[in-house]
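Below: the structure, in structure tokens.
All chains are identified by letter, namely A, B, C, D and E, in their written order; residue positions are counted from 1 within each chain.
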Amino acid sequence: MLLAFVLALGIMAALALLLGAVLGWAAIRYKVDEDPLVDKIDAILPQTQCGQCGFPGCKPYATAIAGDEADINRCPPGGEDGIRKLADLLGKEFKPLNAENGEEKPKSLAVVDEAVCIGCTLCVQACPVDAIVGAAKHVHTVVSSECTGCELCVAPCPVDCIDIVPVGETVTSWKWRYPVIPLTPVKVAA
Amino acid sequence: MNARAEVSKVIFPFHGGVHPPEHKDESSQTPIAAMPVPRQLVVPLHQSIGNIAKALVAVGDTVLKGQMIAEADGTVSAAVHAPTSGRVVAVGPTLVPHPSGLPEHCVTIESDGEDRWIERNRFDWRNAEGRIIRDYLRDMGVVGLGGAVFPSHLKIGGARDGLDTLVINAAECEPYITCDDLLMRERAAQVVEGIKIVQHLLQARQVLVGIEDNKPQAAQAMREALKNAAINFPADVVVVPTLYPSGGAKQLIKLLTNIEVPSGVRSTDLGVQCFNVATIYTIYRALEHAEPVISRVVTITGNVQRPGNVDALIGTPIADLLAFAGDKPGSQAYIYGGPMMGFELPGTSLGLSKAGNCIIAKNGALFPEKPVEMPCIRCGKCADACPAELQPMDLYWFGKSKNFGKAQERNLFDCIECGACAYVCPSNIQLVDYFRFSKSEIWAAEKAKKAADQARERHEFRQFREEREKREKAERAAAKAAARTEASGGNVAEAADAERAAKIKAAMERAAAKKVEAAAAQTASDSVTPIDPDAVSVPMGQAAIAPTSNEAPQAVESAAPALDPEKAERIRAAMEKRAAEKAAAEAMSPEEKAAKEAEKKAKIAAAMERAAAKKAGQAAQQQPGE
Amino acid sequence: MLKVAAALIPGIATYTYFFGVGVLVQIGLATVAALATEAFCLRLRNYPIKPFVTDGSAIVTAWLMALSFPPLAPWWMITLAAIMSIALAKHMYGGLGQNTFNPAMVGFAIMIVSFPAQMSHWAAPLGLAPQSLDAAAQLQWIFTGHLPAGLNFDAVASATPLDTVKTQLMQHTNMLTILHEKLFGGIGGIGTEWITAAYLLGGLYLLQQKLIPWIVPVTFLAVLGGMAGIFWLVDPQHYTSPLFHWFSGAAMLGAFFIVTDPVTSPTTPLGRMIFAGLIGLLTYLIRVFGGYPDGVAFAVLILNLAAPFIDQYTQPSVFGHKNRKKAGAKA
Amino acid sequence: MKSMVANGVRGALTLLVFTTLFTALMAGTYAATKSIVDKNTADAERALIAQVLPAGSYDNNLLADKLTLSLADARTLGNDEPSSIYLAKHAGKETGAVVETTAPDGYAGRIKLLVGIAPDGRVLGVRVVQHKETPGLGDYIDAAKSNWSEQFTGKSLGNPKLDGWKVKKDGGAFDSNAGATISPRAVVKAVSKVLVYVSAHKAQVFGEAA
Amino acid sequence: MITQTEVRSISHNAVWKQNPTVVQILGMCPTLAMTTTLVNGTSLGLATALVMACSGGCVALLRSFVPNELRNPVFILIIAAAVTILDLAMNAYLHALYNVLGIFIPLIVTNCIVLARSEAFASKNGVAQSTLDGFMMGIGGTVVLAVLGGLREIIGKGTLFSGVDLVFGAAAKSWVLHLVPADLNYQFLFVVLPPGAFIGLGFLVAGKAALDRRADAARRRAEEAAAGGSEVQAA
């Protein structure tokens, strides 16, 4: 009986030594340095770089989410859809958009009223994606294909010549709708 | 002499297909009628699958028949011409024949009744270079008239050592439509002239004209015209069985040559090219008579008094066409195109487009209301009917559950939206609607993804640039400060020890100066930049406060190595180019228009550079990994 | 769907001829219960009742299930089975077109697992039993569980040919002796062989109407017969012939009416072939080596589960992509 | 490189400490409960055997008084391995024997049985110990499912005669459920085999111990 | 050490919100195999709760000594020890019940809910909290196992509390309720066999979701009413 105990203990100890050593070694050897999660989150974020989430850009917000420092419901341009995708990715529960961060708006573009623009370059400096062109003392224009509609250029403009215009649907951007299923549910008699 | 050799007449059937009631006799009994010039024409500018043509006229301009009123915007686009002479009364969004029912750019012309041609010069295409011919066709607005309106100039050329087979699509498989049938019966000789031109341009070794066996008269006319024309290449009419959608380009190519063209592959690369017969006709008119595409034959049928074919000007309001054919009461809607692939028009005020091969007045007798859509029971009838050999029930399922990735995996984009699956579905499911929905969702998602990637890249680049500017500024300032201390240090130096001590002191002072300068730079940049790019992980509220002098140099130093050096290098390279381009663009900016132009060019160039840099970067990253 | 029901009628008629009105009672009970359950579930799920109840799918389910039941099963069993098959196997999964398992077979399987004793109470076919039950006696037995005075259930009951073969073999009886029993007629057992032939007739009608893909019944019967043939040729003393396997039990009913159910089977041509073949294989294995006399129901249910998987791996190549594959292989 | 080794050593030592601790804990519990567990196991076995003996008919330790059969003998009783016959004694006098037997021909495999036999050849009791018969169909031979197995009590080789040791359907004396005759058939056959064996080895079973 | 609110939130979370069986769907092997009767289900559930409480406490106590990469082996070691001790103890002191639960007691080691809670909760929280969480998780599972076992017993066998004598001795045999008279030999095997457990569990999951939804709707209504009320007051 005693021998059995000693034997069991011995085998267990030997196993423990071996496995512990392997695990300890492997933990260092196969360490993954980067955090691919940040990139995955960043890929879901809309990249408007608008800062409405309270972080200076999408990547910082992604880093904060990955580090469990920020909630997933702080991105208005991403909308509910984006929150759902983040919830799926992180295995979290869906939360409605935090109203403090703003509300979901249709995709918009900044438009410079060229009659008013004085060419101060303040909006050029504000634009996070370099979508506004124009030199000092010359009228500025927004490159519509690169504008993310983040609205960051609106505030710095001293003459309020920038408008945020929602992008309407055109024949080229039109999408086929989800086919309506003509299955009319029976009205439950109350 | 007629040097015609025998051509292969074996038919290679494609999978699936359906045979709905043809309804062709109603409209094929009368010759093509000429439609009088209407009072007003609404000419859509989006007349190809590519970019919308750019308008060249403004309200109030007078135009002549055949005058270019909009030019092609880029390669995948085609010009638009005035169908008659008159005055431009409107340029702007107007309802167009499109399933969305959304307005799109149109030029509305009020006819002056004179129908006066612009001066035309015959184009000497035989001695012209291929590129010139292609540009000419683009400027003549030649697009595929079968319904897809693919710019024809893109299909000319490409094959280096000639083409094996030129397929002329005259199958016209959709029910009701007879415009190609009548065109061949009445203008076969001109079509054959067109065939000769295209054969020459493509250096095709043989030409096969595919006609369904329900159009014997057209086949006969074409055969005779081919016999009568002096052609020196093998060409013949191949009569194919009537089976929808044998008129689909891919299906017809398969039928005639046994070549299957997969999605995303140019048929030219497989040695075959396909043109619609009406397109061939317009190519002939354009090259031999310098006539741009300003009219087309359109079938008007269904619930009308005089169903038939009309040679109508592009832009003719649908209402005028219907009035010409005698619209009967009881029409619920008007189908634009055939009953299988067409769509219901959002109105009748809109103008005929080049894609409009048929208008069907729809009533309850001809188009009984479909019974209720029932759930899919996976019976597989749709798979049996699918000419693309897809599994429509699976695609339907993925589309319905918005599982688009899976749909794409199962070759959703091989679907030609022919509607055969929906036609045979015993549960009356509108399968094609789900496929179109899935496709447009996928496209939209891809577009959004591209835009996001672009924005991310631009943002990262911007951050990098700001970083570099700040660093350079700091370095300059430090150098200046160092020079100052060095000078003062020289006076004090007497012994080696003292010198060393002084050096240490100088270094300390240098560091201190650097700190100060950096802090200054920081504050300076803060005053113009609302977002502090250094404070990467600091919430904005904190970042708005200028950092203290202790934090600043730390941030400057730590932010740079935080970037992956390889990536930084790439960004630097891109940045240098970009900066140069931007400077150039800005230099040109005094004139508003010039600035725009330059910017656009710079943008394209920059995008190309970026793509190249990205590719190089990826390659560089992959190599050490392997 | 109604055509499928029509194709079952010759089978039903023959079955009734050999086994009495009990068959019709089972069918009637199953139909009523299935339709009522269908309507109730649709109502509960806020679906329009009329198009779904009239599409005939519930009726076909009910009939198939009733035909796999012993004609003298008590009334509550067929009713419960019908309710279970519609509510549990069909509507729980999302209704028509969404069910993973063949509802008829689920109903049957639940019952044979739960009440194996009652589910093996088969009356002897016409002319075999020492005492036969008239219509009134059958009804009395089905609805009350009692037989008229003087009748003993053991006297009217009889095992099915498949069951007999299996149990007798277990008693180490020689196959030839077994087949000499009068229960066995020409090939598949008295009555049974005619009923299966009638199913075959109905199946041919379905094939002619192109309502079922021919590959499915053909593969199923070929594999079942092939398995039987191999064993039979090796050891005819202990294994029965392919003909016996084809014309007894639910082979024909399964081949044309159950394995062909589109909802629960794969959709690709190759997939259908694999599906039907594996069902044939499993049916034979369960019949000969398993714990239950017939294997069609269990084989179908097991393969139902594998249908999406089979589909996934048997996707046919799409128009134009065949060349590409070949070109890729060459390159 | 060094940190890998260091970390490995640290991991090994940590795991060693934990393993030793918990192994010791488990071993301690095992030692503490062993005697009770052993007793429970023996009790359970005894109770199982006692099921086929009338209550109060023995006062000996059933597990101790047993006869181990040779493999050949065990085979005649259908067992694969050497089996035992347990002897019940009351005040030193044999009151019965419990025979382990196996019916090989159940519907779904072997059926293990315990048969209690009195010295005069009467059956004291029959219990199915292990079987795989179809639930709800053949499993009524299990005493936990029905009292079918009680009909053996009191029967002997002469009552009924040997050719009456069949189910009623086969013309014998034993009841069975309609539609499920294979399992009872197997059990009846196995019990009769035990009776035949015991009567043939009467001296060996009862005499030798006496 | 542990506050009242903590106790409440941990308990609510473990028993209802994160119920191991119907929400996390963990530890299905015992759930499906051992819920043939109310007594079986409850007993196994309680055994699991006991193991979870012990292992939770142990893990929380030792967590600071465990390097990150050794978490799994050490936790499993702790759980295995707890289960082995319970197994031996039950064998010794509750032998009849041990016979019934048989191989499922050692299998608690592999019940993923035990390791899951060690990893997700105990490795980050205090001893008291972890013990409570483990125990409450076990209780949450027990409740479901008991309900499932009870339902299956009633529908499948027509009895309730059968096997109670295994826990409380032979005297308890009379406690068994026969909803269907015992001599009818009623048995609905489909429910007794594992498929019945799957379907029953499905119904329980659906039932829980329905209850949650109803509670949610009620809360929303109450909120709306409150909001509406305040608006009215403001106006």
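Observations, loosely collected:
Simple rule for what comes next: a residue touches a chain if its C-beta (ideal position, glycine included) is under 8 Å from a C-beta of that chain, and two chains touch if they have at least 3 such contacts.
The UniProt protein names, listed by chain, are A = Ion-translocating oxidoreductase complex subunit B; B = Ion-translocating oxidoreductase complex subunit C; C = Ion-translocating oxidoreductase complex subunit D; D = Ion-translocating oxidoreductase complex subunit G; E = Ion-translocating oxidoreductase complex subunit E.
Note that the coordinates shown come from a computational prediction; the quantities given were computed from them, not determined experimentally.
The greatest centre-to-centre gap from chain D, using C-alpha centroids, is found for B.
Put simply, the chain nearest the middle, going by average C-alpha positions, is A. For the interfaces C-D and A-E, the C-beta contact count is higher for C-D. The geometric centre of chain B is 82 Å away from that of chain D, both derived from CA atoms. Centroids of chain C and chain E (each the mean of its C-alpha atoms) stand 40 Å apart.
Chain A and chain B have Cα centroids separated by 30 Å. The residues of chain C that reach two or more other chains are 48, 114-116, listed in rising order. Within chain E, contacts with two or more other chains are made by residues 67, 69-70, 73, 187, 189, 193. For chain D, residues that reach two or more other chains under the stated contact definition are 7, 10-11, 14-15, 18-19, 23, 135-136. Partner chain E is touched in their complex by these residues of chain A: 19-20, 23-24, 26-27.
Within the complex, the chain B residues that touch chain C are 14-15, 250, 254, 259-263, 265, 270, 372, 374-380, 383, 387-391, 393-394, 410-411, 414, 427.
Chain D makes touch with chain E in their complex at residues 7, 10-11, 14-15, 18-19, 22-23, 25-26, 29-30, 33, 36-37, 40, 43-44, 135-136, 145-146. On the chain A side of its complex with chain B, the touching residues are 42-43, 45-49, 51, 54-60, 63-64, 114, 122, 125-126, 128-131, 133-135, 138-139, 141, 143, 145-146, 148, 152, 155-156, 169-179, 181-183. Chain C meets chain E in the complex at residues 88, 92, 110-111, 113-116.
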